[in-house]
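Each of the next two complexes has chain A plus one other chain: chain B in the first, chain C in the second.
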Partner chain A sequence: MNIDFSLITTEIALAILGLAIFTLGLIIPRSARKGLGNIALLGLIIVLGIAVYSWPNQGETLGGMYIVDHFSSFFKIVGLVAAILVVFGFRRYVAANVGNYLEYYSTIVFATLGMIVMISAGDFITLYLGLELMTISFIVLVAFRSFDVKSLEAGIKYLLLAGMSSAVLLYGLSLVYGATGTILFAEVAQSIIDGSGGLLLIIGLVMLIAGLGFKVSAAPFHMWSPDVYEGAPTSVTAFLATGSKAASFAILIRVFVGSLTGIQEHWVMLVAVLAALSMLIGNLIAIPQTNIKRMLAYSSVAQAGYIMVGIVAASQSGVKGVMFYSFIYVFATMGAFTVVAAVYNKIKSDEIADYAGLAQRAPLAATVLLVCMLSMAGIPLLAGFVGKFYLFMAIVDGYMWLVLLGLIMSMVSVYYYLRVVLVMFRDDPVDPTPLKMETSVTITLLIALGVTVFLGIYPGPLSEIANTAAQSFFTP
Partner chain B sequence: MTFPILTTTLLAPILAALIIVFLPKENDKLCKSVAAVGTGIALALSLYVYFGYDQSVGGLQWVDFGQPVPWIKDLGVTWYMAVDGLSLPMLLLTNLIGFTAVFASWNVTHRAKELMILLLVLIAGVMGTFIAQDLFIFLLFYEIVVIPIYIMVVIWGSSKRVTKEYAGMKLTIYLLMGSAFLLAGVIALFVNSVNITGIADMSFEGLAQVAFPEQLQIYLFALLLIGFGSLLSMWPFHSWSPDGYAGAPTAVSMIHAGILKKIGGYGLIRLAIVVLPLGARFWAPYMAVLGVIGVAYAAMGALAQKDLKYVVGYSSVSHMGYVLLGLASLGIIGINGAVAAMFAHGVMAALFFSMIGFIYERTHTRWIPDMGGLAHYTPKLAVGFMMAGMASLGLPGLITFIPEFTIFVETFKVFGLLAVIGIAGIIITALYVLRAAANTLFGPARPEFSHIKDLKGPEMVPLIVLGTVLVVGGILPSLLFDMIDSGVAPLLAHINDVLQIGGR
Partner chain C sequence: MGTGLNPSYFIGLSAALFAIGMYGALSKRNIISVLISIELMLCAVNINLVAFNKFLTPDAFLGQIFAIFIITVAAAEVGLGLALIIAISRRRETNNLDDLNWLRW
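Showing the complex of A and B:
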């Protein structure tokens, strides 16, 4: 078996970065460990550079177990961008509320590595390897505030439920293996065309949906997300909501649209129902929430529903929609959670009621939260509108009910987003002193704002890149 | 490549808003002046474009950059800003009302800076819908206006019969729900057009050339009708309108009743009727029935109201019923009348709301039984109020008379009895308008109002500008009608071609 190392430079660089942070952290004195954040940031930017630079490289390595195409490169870049924003935008938050820089930053890097391995997986073993590396890192990260009961509770919940879902997934994988006799995606697809299948495969497929549905927090497998999102450190919540989700969507597409196409009729309807449920449950339960992190958790369940629409399409335009939406979703979510973390740093509260008068105390933060939430709701001139347009375009033939449901539910989401806006903009602050944001937070907010607005007005370039990437997925 | 005058018109308020962002918030007079200059420039440019439009040539003119600029290639979206006889009256109306709305808010001191910024964004958003000749760009502007309105209502609105939070949310949810249907319809329309022609083209012109099958047209038209209809406050999707206007601050009521609603009517013509003529033919009778129900029902509703803003709110629902009726006739005279009625109602409603706003600022009430004899102390205000009232009941010599007349001429031919019911609505209109005016303005002078001052200075601007348009439009209707006709005639010719071939 020959290994083409040029295809896996990103992964190698990331692994080196993670180990380097770990060893360096042990060598330098405890007081100097704060600087590890900068090293992680610098390292991740370099890795992103490598990932962007190796965009033209395509191929398979390790005997088909590892696939590098534009599709995987695109999602890798998304994951790395999320990681960079997490490391950069939450520096103050981490310093004030998390600590343990050494373990924190190296675990973030390893979680990113897990995502990237999973995105490129060409067989079920690699998939599982990446998934577990990511999940275990996240279990550690979620429970990082060991002095905080909520964080510990969230960690235990995530541990138990993620373990459950991994078991279900693994069982599903074994059934698919049993039915087709192979673990390579390409060979699974071929074997389905050749006629293997039957009940065993269908059961395996349902378990796959359940296992991966957990990762993207699609209803009804979303139960963990509100508690975990609320309890975890906000930086970890943001990473969980963006990077982990985007990577899981990539592998969902790879497995279902790429490999199980032959038995489409068995899973398309199932995914459509999951998408519809996620939109309904996510948006409706978000309405009565009073904690902003919980509200965003439910809203991210709904977002998963929208993204799954692109998988229902099982076509190039659907995949393209998913890619476009995942990219903009990262920035919108990061922007929102950066505001949440920055505000928490100052007022030590995540309750929506305490956001009163934020527009007067921190105009930029309030504006960014407004813009990011409206983008998630799909209001025009913001990227979310174009993203939804692409997604729903893909299924308008045949799934009109889902289009209507999705659009109506996104208008419902405006209702609870506007409640936050109401508190921020209408109410006068209890304590009118301006909240001064750190430079890193301000820059992160400006990036999120800029990208969300720019791609809403001029989505052409990203849309073309996503299209190329989706094309490479269908015609390798 | 020509000078992008329409884009400049669009950017003038946005630029003013950007300047205001950097002004100190204590200096609210300065903020308002900048806003006035921004909207004034937009108004001047749109007047220039209006009178520079060559009606003998017709069609789309003043195309920015000389041709559509590619914007989003894979969706076939182009930055295609141009105007024809249908867009121009709407563009002019937008800027007339935008300009006067700044002056109608001249006395607002609470967070005036933010109010001006949102107002300018709102004006630019509305303007964009009327000059965009590309469906996608149209949609961008169509939905963006909802959010500034919500914020404006909840901060500067008033809570009387309903709280301003309730009013704002009702307004927002209704319009967004409508736009969900609209959006679904547009996505389906676009995807089908690509399937049929193989080319992605989002321009209204291009879409109009696509031969959609009849069944599809009927189905899509229904979606678009719900979407645009709820913005046009078509019965039974109208109930946001009275509550929303009552809760909204003056400037928002002016813009919302004056122009925002008209996007619904404009969209129905530009997109629904022109692109889907077979669907329009199927749904026209239903539209007419809904229009007539709207006319009668809302007029009755207005009759029962005691809050001035509710009276005008219901009255505007009623007037939009006429517009719907005119559109449903699918004939050139009826549609001309409908477009002219939209323009006329816009001017009238804006004047009405600005006068009510001034009354409310002075008396702190809009409750008709609590008022009376205001004309003794505020003759100028009374003149504005009466002009708007007379225009509302369609007094000949004012701008609203001829549009209503033409609508009835056409619809009587097409629908017969329905039109008669519609005409009967005018009588009720006269009743509630005159009663409101009599109980508010006339009667014995009341000593408790002796301290209130008449309009002066900047407050005169809405009265002068909008009043002039009401009168000039009434005396010289050709200024408006010739323009509209030059825009509607080619569209109608296209529709008739399609309908005669029948199905294609």
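Showing the complex of A and C:
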């Protein structure tokens, strides 16, 4: 078998980076370990450079087990950007609340590697290995504050529920293998067109939706996300909400739109119902939350609902919508969580009530939180509006009820986002001393703010790129 | 084959095993029992894969290879789970899921 190494340069570079950080951490003295963050940052930026540079490379390697096209390259870049922002924007938070352990940064790199392998998966084994590399790394990261019972509890809950969801997913994969006799996505698609199918395939399909729905935290498989998001270190929460979710959406599209198109009539309605439930449950339960991390967790369930709309469309415009929305979602979520972590560093609280008067104490942080939340709610002139427009345009004929539900629920979401904004801007602070943000946090916030506003006003170039990528997904 | 076996026996066995594992994972309150139940679910998957391999693609060992990967990864997952259980029981002196109520479920 011929292995085309030029196609997997990004993965090789990332694996080397992860191992290098780990080895280096063992060699250098304990006091020097805080520099590992900078090395991880530099390394990830170089890997991002490699990923952008290898954009024109397309093809399959390892006998179809590994697919590299614009679609996977796009999501790889999204995942790497999320990793870079996590390493850069949360440096002080990690040093103060997690500790400078050598495992932290190398585990982040390995989680990113898992995402990237999963995004490029061309068969079930690669899918499973990428998924588990990502999940196991995330379990370690979630439980990283091992002195904190909350973090440990979140870790064990994530482990048990992720284990269960992987088992369900695997059972689904085994049934699809049983129905079609192959584990390659392309051959599964061909075999379905040739008429294999039946009950086994349908049951397998339902289990695949349940297993992957868990990973993107779509309702009713979202129960883990509020607990894990609250208990995990905020840096890990941010990474879990952005990178892990974007990668899971990529594989969801690869499996359903790419491989199981032949039996589309069986899963489109199911995915539509999941999307509707996620929007409803996510937005409605977010309203009474008092902890901002829990609130953002439910809001991310709702966001998963919006993104799933693009999968319901199962068309090029739908896939393009998913890609565009994933990209802007990374920046909006990262901005919001960076604010949460930076504020926690100063006032040691995640309660929304303690954000009173944040606009006077830290104007930039309050503004970024405002803009990111309004973008997630889909207010015009911000990137979130454009993203939702692309997503809902894709299903406007055929699923009008879903569009209407999405619009109503977006309005509901404005309510709870603005509740936080009101606390920040209207209420007077208990302690009016200004909160001084570190340079790295300020730069991350400015990046998030800049991208969210810029893509809202001028979405053309990114939309063009997403379109090309979606095209390469359908016509390899 | 000549043994009179057909795939439906294996599918039935693995479905039963999967259902038992699922029931155990959802009803047991002890973390170790839940881990064992999850292992049971993975065993059901492995039976499925190996049986399908035998009946569908006897020349290409797709299912067998997949099963080996699953066994390996499951071992890693259980190792991590036990480490977490030890860390929790050191602090809380419990391994019962009902006592893990610092966060709301």
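In this text, the second predicted complex is superposed on the first by the 475 of 476 C-alpha atoms of A that agree within 3 Å, B and C clash if a C-alpha of one lies under 4 Å from a C-alpha of the other, contacts with A are read in each partner's own complex, and residues count from 1 in each chain.
Keep in mind that, in the parts below, a residue touches a chain if its C-beta (ideal position, glycine included) is under 8 Å from a C-beta of that chain, and two chains touch if they have at least 3 such contacts.
Everything numeric here is computed off the predicted structure, so don't read it as measured data.
Undergrad: Tell me which partner A:467 touches in the superposition: chain B (first), chain C (second), both or neither.
TA: first
Undergrad: Scan A:410 for contacts with chain B and chain C and give back first, second, both or neither.
TA: first
Undergrad: In the superposed arrangement, does A:69 touch chain B (first), chain C (second), both or neither?
TA: neither
Undergrad: Return the chain, chain B or chain C, that is in touch with more residues of chain A.
TA: After superposition, C is the partner touching more of chain A.
Undergrad: Does the superposition put A:418 against chain B (first), chain C (second), both, or neither?
TA: first
Undergrad: Which of the two partners, first being chain B and second being chain C, lies in contact with A:149: first, second, both, or neither?
TA: Touch status of A:149: second partner only.
Undergrad: Just checking: does A:227 make contact with chain B only, chain C only, both, or neither of them? Give me first, second, both or neither.
TA: second
Undergrad: Would you mind listing the overlap between the chain B footprint and the chain C footprint on chain A?
TA: none
Undergrad: Note which residues of chain A are touching chain C in the complex, please.
TA: 124-125, 128-129, 132, 136, 139-140, 143, 146, 149-150, 152-157, 159-160, 163-164, 166-168, 170-171, 173-175, 177-178, 181-183, 200, 223, 226-227, 230-231
Undergrad: Looking at the complex, which residues from chain A come into contact with chain B?
TA: 374, 379-381, 385-386, 389, 392-393, 396-397, 400, 403-404, 407-408, 410-411, 414-415, 418, 421-422, 425-426, 457-460, 463-464, 467
Undergrad: Quick check on the complex: what are the chain C residues that touch chain A?
TA: Of all residues in chain C, those touching chain A are 7, 11, 14, 18, 21-22, 25, 31, 34-35, 38, 41-42, 44-45, 48-49, 52, 56-57, 62-63, 65-66, 69-70, 73, 76-77, 80-81, 84-85, 87-88, 91-92, 100, 102-105.
Undergrad: List the residues on chain B that touch chain A in their complex, please.
TA: Listed in rising order, the residues are 71-75, 139-144, 146-147, 150-151, 154-155, 165, 169, 172-173, 176-177, 179-181, 183-184, 187-188, 190-191, 195.
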